[in-house]
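Shared chain: chain A. Partners: chain B in the first complex, chain C in the second.
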Partner chain A sequence: MSIAITNISKKFGDFVALDNVNLSLPTGEITALLGPSGSGKTTLLRIIAGLEGADAGAISLFGEDASRQPTKDRHVGFVFQHYALFKHMSVFDNVAFGLKIRPRRTRPSKAVIRDKVYHLLQMVQLESMANRLPTELSGGQKQRVALARALAVEPKVLLLDEPFGALDAKVRQELRRWLRFLHDEIHLTSVFVTHDQEEALEVSDNIVILNHGKVEQIGSPEEVYDHPANPFVYGFLGNVNLFRARLDRGVLNLDQHEKQTGGVDFFVRPQDVALSLTNDDGKGVEAKIKAYRVLGGRVRVELQTLVGGKEIEADIEKKQWQAIRDADREPVYLLFRDAKIYTAADRTWSDYVI
Partner chain B sequence: MRTAKLNREPRWLKPTLMTVALTFLAVFIFLPVYTIFHEALAAGVFAYFGYFRDPEIFSAIKLTLLTALICVPVNTFFGVLTAWCVTKFEFRGKNVLITMIEIPFAISPVIAGLLFIFLFGSFGWVGSWLIEHNLKIVFAVPGIVLATAFVTFPFVARELIPLMQELGKDDEEAAMTLGAGGLQTFFRVTLPNIKWGLLYGVILTNARAIGEFGAVAVVSGLIRGVTTTMPLYIEILYNEYMFSAAFAVASLLTLLALVTLTVKAILERFIAAQRKIKN
Partner chain C sequence: MSKPKKSQLPGFGLTLGLSLSYMSLLIFIPLTALILYAAKLPAADFWEIIVDERVKSAFKISFLSTFYAAAVNFFLGLIIAWVLVRYQFFGKRIIDALIDLPFAIPTAVAGISLSTIFSSQGIMGKILGVFGIDISFSRAGIVVALIFIGLPFVVRTVQPVIEELDAELEEAAASLGANFYQIFVKVLFPSLLPSLLTGFALAFARGLGEYGAIIFISSNMPYQTEIVPLLIVKKLAQFNYAGASAIGVTMLVCAFVLLLLINVLQVYAKRRRKI
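What follows is the complex of A and B.
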């Protein structure tokens, strides 16, 4: 384990940013700290870097207790959301900074620094920009310079704080793929903070989901997506239909209101809602189509169940939608192919099987 | 084109406003400045330069420059230190501190001067101790330096605090993660970021240090040739009806001010250009 976090707590005034967090992050993998804003993910990253001190708990980097180490001795690379490039230095000088400031004993020669900087700039595809000032670069280029700068000091851990948060959608998409690609080349233990579940699923080997300063779930992207530990994780990782229902001996009964007792929370993702014109096995739920929106190759359909009047969103393929629209029949039948049930009374979280 | 006309002011407005503004400027700024130089040179160029050979005038010039020479670096150092503390650290009473920085601006310079009399004068808190040890602060050069330093303290800090707040901590934190220590971070990252604002604050400090009258007048005691700065000596000369000499010293002081203003204007241009690059 490269980073071990034990019982870390942190408060800002009355606000609890981290509440007794325990984590260990595997060597050589990318871990995403995922959570809504205010969940403590950035604070945790800053505590790992030593930019923030924890109120309680310990942190060790590669088996060495780092709790009392200042940032400059931790050998962590840090990439900031807003790049934090030194504005008065050229791209070259920015990347070279960490090497140039070393004490004479450990400082590489000028030629070595030069070679190293150019090697890194080549890696981030910015060799031709070496003499530019940061102000002359686009956001995506700036972030690549920031990454090269962080890598120049050969950190043991690379920490990225919402690295693509300030970029527009297309550049963000590109940089994500590129970061993943880069990581596969250099295998540096990396931790990045994001509030974007898609980004976490796409880039990371491991996801740590945080909420209100607590770890909700840790696992591979597939694990957390397919087997969410609780309703929060389920709701956070993608769109979800959530409604109250009752289970009468395993049969779903939608005639259930918020206030009535004996109900359960029913979770189903829009892409797990199937639409059918027929109700062959009698398990379909009758619904009428209220609205739809074509999103490229898929169609988002808003429906309302005839019993209980629940609003349900379905995400189906365009071809299927065309068939349903052409038939122009009401009601249509909904089938929940993969759903989760949360019983608040005994706090159980289980799969719903038709 | 029609829409452009919608927002056009009446034809007479621009020339009228310009005339009013320029007349005001001429009467209240150009005329006095012109008078200073006119009166100073009234007795001829030879007499003008002759004044500066007067040992008392010469010592007044020396004292003024000495005061500025001490106050500017001291206030630059403490101004940067204060701005650094206020912007980089979180602590209780921070807002009180920010307000306190403004006190020298808020209170009248005369009161600032009196304050030092009460502190260090013979009836003051530490006055008797000072007399015992044969140390003179008020009615001596140290008092003048202290009063000037007090009055000019806020310029650097006030200039830097908003600037450093805007810059944030990211750059410094980035430097730290790259292995930089505190001093390295300050000289290589912070200072280049704030240099124009700092210079601007230094120039304002200098201008005020040279020109300060009120606070210095109170603590000076007006010992000729010893505790008279240029502004004080101008008043002495004036009260003694030595108008030409008074104006000669005044012209030198004005010249210093004009040089300062020019440097400030050039700096402002630089700062604006820097901003443009940044955006």
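What follows is the complex of A and C.
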């Protein structure tokens, strides 16, 4: 294990940022720290880098206790959301900075530094920009310079704090793919912080989900998406319809209020809600359409069940939506293709099968 | 042909007009009067006044002392501003408030206090006397007085810039292996340089015109510790208005050229390196 985090706690005044966090992050993989704002993910990353001190607990990097090491001795590369490039230095000098400041006996020669910087700039596709100043670059280019700068010192660990957060959607998409590609080339142990579940699912090998300073779940993207440990994780990884219902001998009964006993929490993702005009097998739930919004090739439909009045969101294909709209019939029938039931008492999930 | 586009921001004519009238009343008209007065002198006479040995040495003393004092303030002001922004300590607010005192107290009072403590009987004078250093009534005394007068200019121009420094730049440098001195010299100092130069220029300009504080701490000996403003006052006392205005105009031109130079340097520091 390259990074071992044991019993880390951190408070800012009365606010608990991290509450006894234990984690070990595997070597050579990208781990995403995912959570809503205020979940402590950035604080944890900064503690790994030594930019923040923990109130309690220990950090070890590659088996060596780093808890008391200052940042400069930890050999971690850090990439900031807002790039933090040195504005008075050219792109070349920014990337060369970490090498140029080494004490004379470990500092590479000028020619070696030059070769290395150009090699890195080539890797981030910016060789032609070596003499530019940071102000003359776009956001995506700046972030690639920041990445090259962090890689120049050959860090043992690469830490990225919401690296794509300040970029527009298209550039973000590009850079994500590119980061994944780059990682597959160099296999550097990397940790990145994000609040975007899609980004975490796309880029990482491992996802650590944090909430209120605690780890909610650790696992591969597939694991956490398909087998969320609890309702928070389920809700955080994508949209979800959540409502209280009752099961009468396996049959869903929506006539159930929050306060009534005997109910269960019912989870279904919008893309797992099917709409039908007919109720052939009698298992559909009657609902009326309240609103809809066309999102490119898909349509998000807001519905309300006739029994119980539950608000349900469905995400369906445009063609299917057109057929339903053209028929203009009420009610429509909802079918839950893949729903999960969470029993809070024993914290277990079960599948609801129609 | 269409008319040239008007600026989107309203009030340009009014504000520029006000600025120009104000500047005229306060600066241009008095200065023009001074220059016109000096221009009454035949060029040869003007030249004779300026190249007089006593005048030349007064210029040398004024400009050199002011330069030394501003240079000391450049570094001391930076350190004080840094301490006031970056560290938390008991009495910080009081020290922060004390910085502005040289602005507020009459410079003559400052001069008298400084000359008292630095005289051979004063507390500082006694200590320095052990090492054979005599500040009072010497050129060093002039520099001490000017350091006192100029300090707030550097501190107050650099302080807000230090407050605005982006902490992430320091963190980025630290993650790349830089120690504190490398971070300061290579990352922070370049960002502070333009404001430091502004502070230097202000302290320098203020120091050139200083009179009250210096005449008390200096022995005011011609050729040795006599500054230009004092020389002008002496000429005036002898009703030599032409001589006084000639020296005044020369001082004005020299100061303007120097300030312009600092300004150019500052623009250069701001634009930084560009290939």
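Following the convention adopted for this analysis, the second predicted complex is superposed on the first by the 348 of 354 C-alpha atoms of A that agree within 3 Å, B and C clash if a C-alpha of one lies under 4 Å from a C-alpha of the other, contacts with A are read in each partner's own complex, and residues count from 1 in each chain.
Here is the rule we go by: a contact is a pair of C-beta atoms (placed from the backbone, for glycine too) under 8 Å apart; a residue touches a chain by one contact, two chains touch by 3 or more.
Because the structure is predicted, anything quoted here is derived from the model rather than measured.
Overlay on chain A: chain B and chain C clash in the combined arrangement.
Contact with both chain B and chain C is seen for A:102 once the two complexes are overlaid on the shared chain. When the two structures are aligned on the shared chain, A:34 is found in touch with neither chain B nor chain C.
In the superposition on chain A, contact of A:131 is made with chain C only, not with chain B. When the two structures are aligned on the shared chain, A:150 is found in touch with chain B and with chain C. In the superposed model, A:88 lies in contact with both chain B and chain C. Contacts of A:78 after superposition: both chain B and chain C are touched. Put simply, chain A uses residues 49, 51, 70-78, 80, 82, 84-88, 97-98, 101-102, 133, 146, 149-150, 152-153 to touch chain B in one complex and chain C in the other.
Residues 170-171, 173-181, 184, 188-189, 192-193, 277-278 of chain B are the ones that touch chain A when the two sit in their complex. For chain A in complex with chain B, the touching residues are 49, 51, 70-78, 80, 82, 84-88, 97-98, 101-102, 133, 135, 146, 149-150, 152-153, 155.
Within the complex, the chain A residues that touch chain C are 49, 51, 70-78, 80, 82, 84-90, 97-98, 101-102, 131, 133, 146, 149-150, 152-153. Residues of chain C touching chain A in their complex: 166, 168-169, 171-179, 182, 186-187, 190-191, 272-275.
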